[in-house]
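Same chain, two partners: chain A is paired with chain B first, then with chain C.
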Partner chain A sequence: MYRIRFHGRGGQGMKTASRILSNAFFLGGYEVQDAPRYGAERRGAPIFAYVRAAKQPINERGIINRPDLVIVADDSLVAIPAAGVLQGIGPQTVLMINSHEAARTWEERLNVPGQVLILPVTEEVEDRAELPFLGTTCAGAAARLIGIIPLEHLQQAIRDELAHLGTEIVEKNLQQAAEAYELAAEYAGKVIEGTEISAQDYAKPEWIDMPFEVASISAPTIHTGLTSELAATGTWRTMRPVIDYQLCNRCWWVCSEFCPDGAITVDDEGYPQIDLDQCKGCMICVAQCPPHAIEAVAESVAQLAEATEATEATEAVGDKS
Partner chain B sequence: MTETAFRRMKDLPSTRLLGTGTPMCAGCGGLLALHEIYDILGEKTVFINAAGCMTLLSVYPFTPFRGSWLYTSMASAPAGAQGVRDALDILLEQKRISADEDLQTVVLTGDGSAYGMGLSATSGAIDRNLDFLYICYDNEGYGNTGQQFSEATPHAAKTSTSSGPRGFPGFKKDLFDIWAANRPAYVATVIGTEPLDLARKIEKAKNMKGPRLIIALAPCPTGWDYDPKETVEIGKLAVKTGVWPLKEYIDGKVVHTKIPRQRKPVEEYLQKQGRFAHLFKPERNEKLLAEIQQRIDVYWEGISNE
Partner chain C sequence: MTRQLLTGNGAAAWAARLAKVDYVPAFPITPQTEIIETLSAWFDNGEIPGRMTTLESEQSMITAAGAAAITGVRVFTATSSQGLLYGMEMLYTVAGWRAPFVMINVSRGLSAPLTLEPDHNDILAARDSGFLQIHCATCQEVLDSTLIAYRLAEHEKVRLPVIVNQDGFYLSFTREPVEIPDPALAARFVGQFDPENTQLRASAPTSQAVAVLGGSPYSYFRYELHLAAQQALDVYDEVAAEFAEQFGRDYSAIESYRIDDAEFAFVMMGCFATKAKEAVDRLRDIGWRIGLVRPRLLRPFPEQALHDALADKKAIAIIDQNISMGKGGVLHTEVASALYGAKAAPLLTSYIGGLGGRDISQEELFEIANQLKQAVEKGSAPPPRLLYTAGELREMRKLQAIAHVERQELKLGEESDNDQGEGND
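So, the complex of A and B:
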C-alpha cells in the first residue's frame, strides 16, 4: 500500500493535490482513500492531506503514521512541531521539500532516516511558498516519484478535479503538472510501496494513565482571561511586516486599530510595535500605513537576516574578548 | 448630537483588550470589528456566542476574552442572554454582587444566526425588553462551514451553494429594518474599517438600557475571495459605494451617520472580490451590474443628513 502525506498551509492547495493524486491512482485501477486534515477553515494555518492507494481493499483508517512519501509545500512548516511534518519518517520514506536550500542542508539539519529531495522547479522564485499552482505542481512531482502513475492519468485527474474552475485554469494546471512530472523524472520510482501493517502487530501508543480527579480539579473551567495569547499564531505567516521607524508618523490609530488581531501595540512614545509571535501576516498594516513605513518581507528572508545578525553579534562579542 | 469622547481618530483607545492568538483567519473583518467594539465596551462584559466562526475564539483552554463567555446553539443566543441577565439581576437583588460588579450582557453571532436561525429568539428578546447588546458580524454567508449562502448574502455573489453564472439569485435581507420594526432601544450598522463611527455608536449603545442591536459588515478574505491585506480597502469601499449604509435607529427615527458625498460606482467594490468575478469575466455582465447599481441608487434617493 502507498501512503502519502502532503503538508502545507491552508490555501496552498494541498487538499487539491491529494485529491488529484488519489484520482490518478484510481484511474490506474487502485483502491484509494484521501482526506484533508484541518480545523476550521483558515488560510495560512498548517494543514495536511493524505492519500492511501492499494490494489487490495484498504482497511486502514485515520492519519498516516508511517508514510512512504511526504511532500512539504512550505519549508517553514518543517520546524513547527505542531505541523507534524516529520512524524513517522522511517528509512524507506522519501521527504520532498519545496525549498531554496539544498537537500544536503536539510538532511544534516533534520537528521531523519529517510531520503530528502528538493521539489524541482523550472525557474527559481523569491518565495517558494508563493509558487503559482503549487497544488498541481506537488501532485505532479508526487505522481512521478511514485513511478507507476502515467501522465495521462494525472492529467485526467486534474481535468476531473478542477473542471469547475474553467478551461483556462485547467489548462494552466495541466501544463504546470506536466512540467513538474517531467522535472521529477530523475527521481521516478524512488517511492517504494509500503508493506501491509497487520492489526495484530499494532503497537499501542504509550498512554499515560491519568487517575480520575474530583470535578473541582478535573472539570474544564477557566478562571483567567487572555489565555489565547499562549497560542502563537505567528507561525501562520509567510510574509512579515517590518516597520521603518525613520518613516513612521506615529499615527498608531491606523495600523494598530486596523490590525484585526490586536497584534500591534502602542508604546509610551506612540510608536507601533508588532508582536511577531502573534502576527498572522495579513499585511493590512502594510497596505494602510499612510507614509508607507511598513514593508512586507518574505518570512524566510527575514529569518535569514535575523540569523546572520545574531551570528555577527556573537562574533563581535568574541572579537572583544 | 449627544456628547462623544471620540471626536478624532486620536481619541480611540490605544490599548487592546481582546487577546491575540485567536484562530480567526488572517485579515478577518469580523475580528477587526470585535476588537474595536471590545475596546469601547470594556472588561465588564459577558459574551453569549451562537455557533459560528467566532465560537472558535474560546476553545478550551484558550480564550481571548477577559471575562466570561457562553456558547449557545445558532438559534438561541438571545435566549441565553435572557438567562444570564436574569441571573445577574437576581445576584444584584440579593446583594450577592454589587452594582459595580454588574456585567454588560453581549450576544455575539454571525449573519447565519442573526438573519436566519436566531431571528425568532431575537424578536422575543426585544419584545421582553431584555437589557442586552447584540453584535452581529455579517460576512454574508455561512463562513465557518465553507461559505454557503445565508439570508445576508448579496445578490449575484458566488458562494459554495450558488456557483452558477449569475451567483446568488436572492437578495440580502434588510435586517436593520426588521430589527428596527421591533422598536428596540437602539439599532445601528457599523464596520471595523470606520472605527470612529463605530466607537461613537458603541459608546452610545453602552450607556443605554434595553435591547440594543448592532450589525457589523465583516469583509471576509476566505469567503469573499480576496487577498487578506485588502480587508480595510474593501470595507472602506463598501461605505464609499453606498453598499453598506452607516446608520442608526434611535428614538423611533433612522439617521444616516455617514453619507458618501459622491458615491463611487459599485463595481469598484465588486471588482476586488473573487465572489463577483463572474460579473466581469469572461465578459462583463452589463445587465446585472446595472441592476446592482440601480438598487443602490434607489436606496440613497432622498436620503440626507436631516
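So, the complex of A and C:
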C-alpha cells in the first residue's frame, strides 16, 4: 500500500492535492482513501491531508504513521512540532519540501533517516496562504515521485476535482501540475510502496494503568488566562501588522480595543505595541486604524527584513570596534 | 456499475437524494454540516425537488422532522454530538409519536472537555430513545444503510425513526470509492412512503402529544414501542436480503469476518472495525484462528445473531469506542447479556479505545489478541483496559506542568495582592 501525507497551511490546497492524487490513483485501478485533518478550520493554520492507495480493498484508517512520501508545501511548518511533519519518517520515506534552501541543508538540520528532496516553487507572494496552484503542484510532483501514475490520469483527476472552478483555472492548474510532474522526473519512482506491520514482530504498546487523580488535578480546567499567553499563536501568522509610528495619532484605544487576542498594548506615551508572540495576523487592527497607520506585510517578507536589519546592526557594531 | 470518490457526508447526501426525500429540516454542526450543504446546493439549483428549512436548534429540527413525517412526507435530517444531545428530549418524543424518518448522526465525542473528533458516546446516549440504530463502517455502507433505513422506518410493522451512524472525520471527511445505485433502481427499492393512518392535516387537526395519567395506558404505549423495535429485527433481515439481491451488497444485522473457524474474536462497532479486519488478516497470516464481529444494528439488538456467532469462541475482545462512567464499555455489557448462560461461554475481555478519535494502532490490536490467548491459558480474563500508553501520559504530564505553573503564579499573585492590601491598612 502507498501511504502519502501532504502538509501545508489552511488555504494552500493540501486537501485538493490529496484529492487529485487519490483520484489519479483511482483512475489507474487502485483502491484509494483520502482525507484532510484539521483542528481549527482557519486559513494559515497547519493542516495535513493523506492518501492511501492499494490494489486490494483498504481496511486501514486514520492518520498515516508510517508514510512512504511526505510533501511539505510550506517549510515554516517543519519547525512546529504540533504540525507533525516529521512523524514516522523512516529510512524508506521520501520527504519533499517546498523551500529555497538546499536538500543537504534540510538533511543536516533535520537529521531524519529518510531522503530529502526540494520542490523549488516557493514564490514571494503577499500571503503565503495564497500561493497559487500550490496544491496541484504538490500533487503533480507526488504523482511523478510515485512513478506509476501516468500524466493523463493526473490531468483527468485535476479536471474532475477542479471542474467547479471553471476552464481557465483548470487550464492553469493543468499547466502547473505538468511542470511539477516534469520537474520531478529525475526522481520518478523514488517512492516505494510500504509493507504491512507483521503480527509476529511488532513493537509492543507501552500500555499503562491510568492512575486515579483528584478532580483538582484531573478536571479539564483552565485556571488562569495565562495558557493563551504560553501558546505562541504568533506562529500561525501569515501576515504581520506593522505600525508606522509617524502616522499613528496616539488615539490610544482603537487598535488595542479591537484586537481579539489582546495582543496590542498602549505604552505610557500613547503608542500601541504589538506582541508578535501572540498576534495571529487577523489584520483587524489594519482595518480599524483611523489614520491607516498599520500596514499588512507578508510574514516571510517581514522576517527577511528583520534578519537583514539584525545583520546590518551587527556589521555596524563591528565597524565601530 | 461505476464507482466514484465520495466522503461519508457525500454518501449520506446522495442517499437522501436517491430516497427522494421531500423535506429536510437542518441545523449545522461539525462534522455533519457538509451533508446539509450538499443537499442545500441541490435544492437550490433545482437538481432535486423538495424543501429544506434551517431551524434555530436541533430541538426544533427534530420536532420539525417528526411533525413533517406524520403529515405523510418523507423526511431526512442530520446532526452530531452536542446537537444530538440538544435534541434529546424530542428524540424520545417523536419516537413515541411513531414518526418514521431517517436521521444521520456523525459521531463526535461529547463535552467536557470539548472535542471535534469521534467516539460513540453521542449515539449511545440515544440508545434507549426508541430510534433504531444502524452503525456504518464504510462510506458505501452509509449510502446503502440510509436506503435500507427508509424501508425499515416506514414498514407497517415498525414505523419508528431510524438513526444511521457514521464516524466523524474517519468516514464523514474521508473519501472512498462509492457506487451510487442507479436512481430508478434505488427509487424502486425504497418505494413510496405509505403513511397509512398518520396523515396529519392542517384542515383536520389531530393530537400526537397525548398525555396519559396512570401507569397503565403509559405502559401500553411504551411497550408497544418496544415490540415494534423488536419486530424491526426480522424486518431488517428481509429488507437487507432484498437489498443484497438487487444491489449485490450484503448488510446482515451483524458483520462477521473470518469468524466461522475462529477461536478468538474482536467485537467492535463503527469504522474502526475495519482496522480490526486488517489485524485479523495479519494474524491469520501467521496462523491465528481469529475473526471480527461487528454489530450493524444496535437497536434492535441482534442478540441471537451475536450469540450464534460468538458463543463457541474461546475468548473475545470487545473494544468499545465509548465509556459509561462508573461501568465501562457499553458494547461489552450488551455482548455479555447476549452470551449469558451459554454453555462453555467464551472469556470476555473489555477494552476502551478510540475515545475522542484517539487512534487504535495495529500493534495494539495484535497485543489484544495476545492477551486473549493468555487469558485462555490462565482461565480468566484480565481487568478492563483503557488503550493508553506511557508516552501519552508523558505528554499529558507536560500539559499539566504548564497548568501547575499557572496555578502557582496565580497563587503568588493573590498573595502579593494581599500583602499590598495589608500594607495599606
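Quick notes
Operating definition for what follows: the second predicted complex is superposed on the first by the 225 of 321 C-alpha atoms of A that agree within 3 Å, B and C clash if a C-alpha of one lies under 4 Å from a C-alpha of the other, contacts with A are read in each partner's own complex, and residues count from 1 in each chain.
In the analysis below, contacts are C-beta pairs under 8 Å (C-beta built on N, C-alpha and C of every residue); 3 or more make two chains touch, one makes a residue touch a chain.
In this text the structure is predicted, and so the values were computed from the model without any measurement.
When both complexes are overlaid on chain A, the residue A:G29 reaches neither chain B nor chain C.
Look at A:P220: by the touch rule set out above, it reaches both chain B and chain C. Of the two partner chains placed around the shared chain by superposition, chain C is the only one that A:I197 touches, whereas chain B remains out of contact. Applying the stated contact rule after C-alpha superposition, one finds that A:A263 touches chain B and leaves chain C untouched.
Contact with chain C, but none with chain B, is seen for A:R19 once the two complexes are overlaid on the shared chain. Contacts of A:L230 after superposition: both chain B and chain C are touched. Within the superposed three-chain model, A:A45 lies in touch with chain B and out of touch with chain C [touch as defined at top].
Overlap of the chain B and chain C interfaces on chain A comprises residues 39, 41, 220, 222, 226-227, 230. Put simply, chain A touches chain B in their complex at residues 39-45, 164, 220, 222, 225-233, 236-237, 251-254, 256-263, 265-266, 275, 278, 280-284, 286-288.
Interface residues of chain C facing chain A in the complex, by the touch rule stated above, are 5, 30, 112-113, 116, 169-170, 173-177, 271-272, 274-275, 277-279, 281-283, 285-286, 288, 359, 361-364, 366-367, 369, 385-391, 393, 400, 402-403, 406-407, 409-410.
Touching chain A in their complex are the following residues of chain B: 9-10, 12, 14-16, 18-29, 31-32, 35-36, 53, 56-57, 60-67, 144, 146, 163, 192-193, 195, 221-222, 227-233.
Interface of chain A with chain C (complex): residues 19, 22-23, 26, 31-37, 39, 41, 58-63, 65, 196-200, 202-210, 217, 220, 222-224, 226-227, 230.
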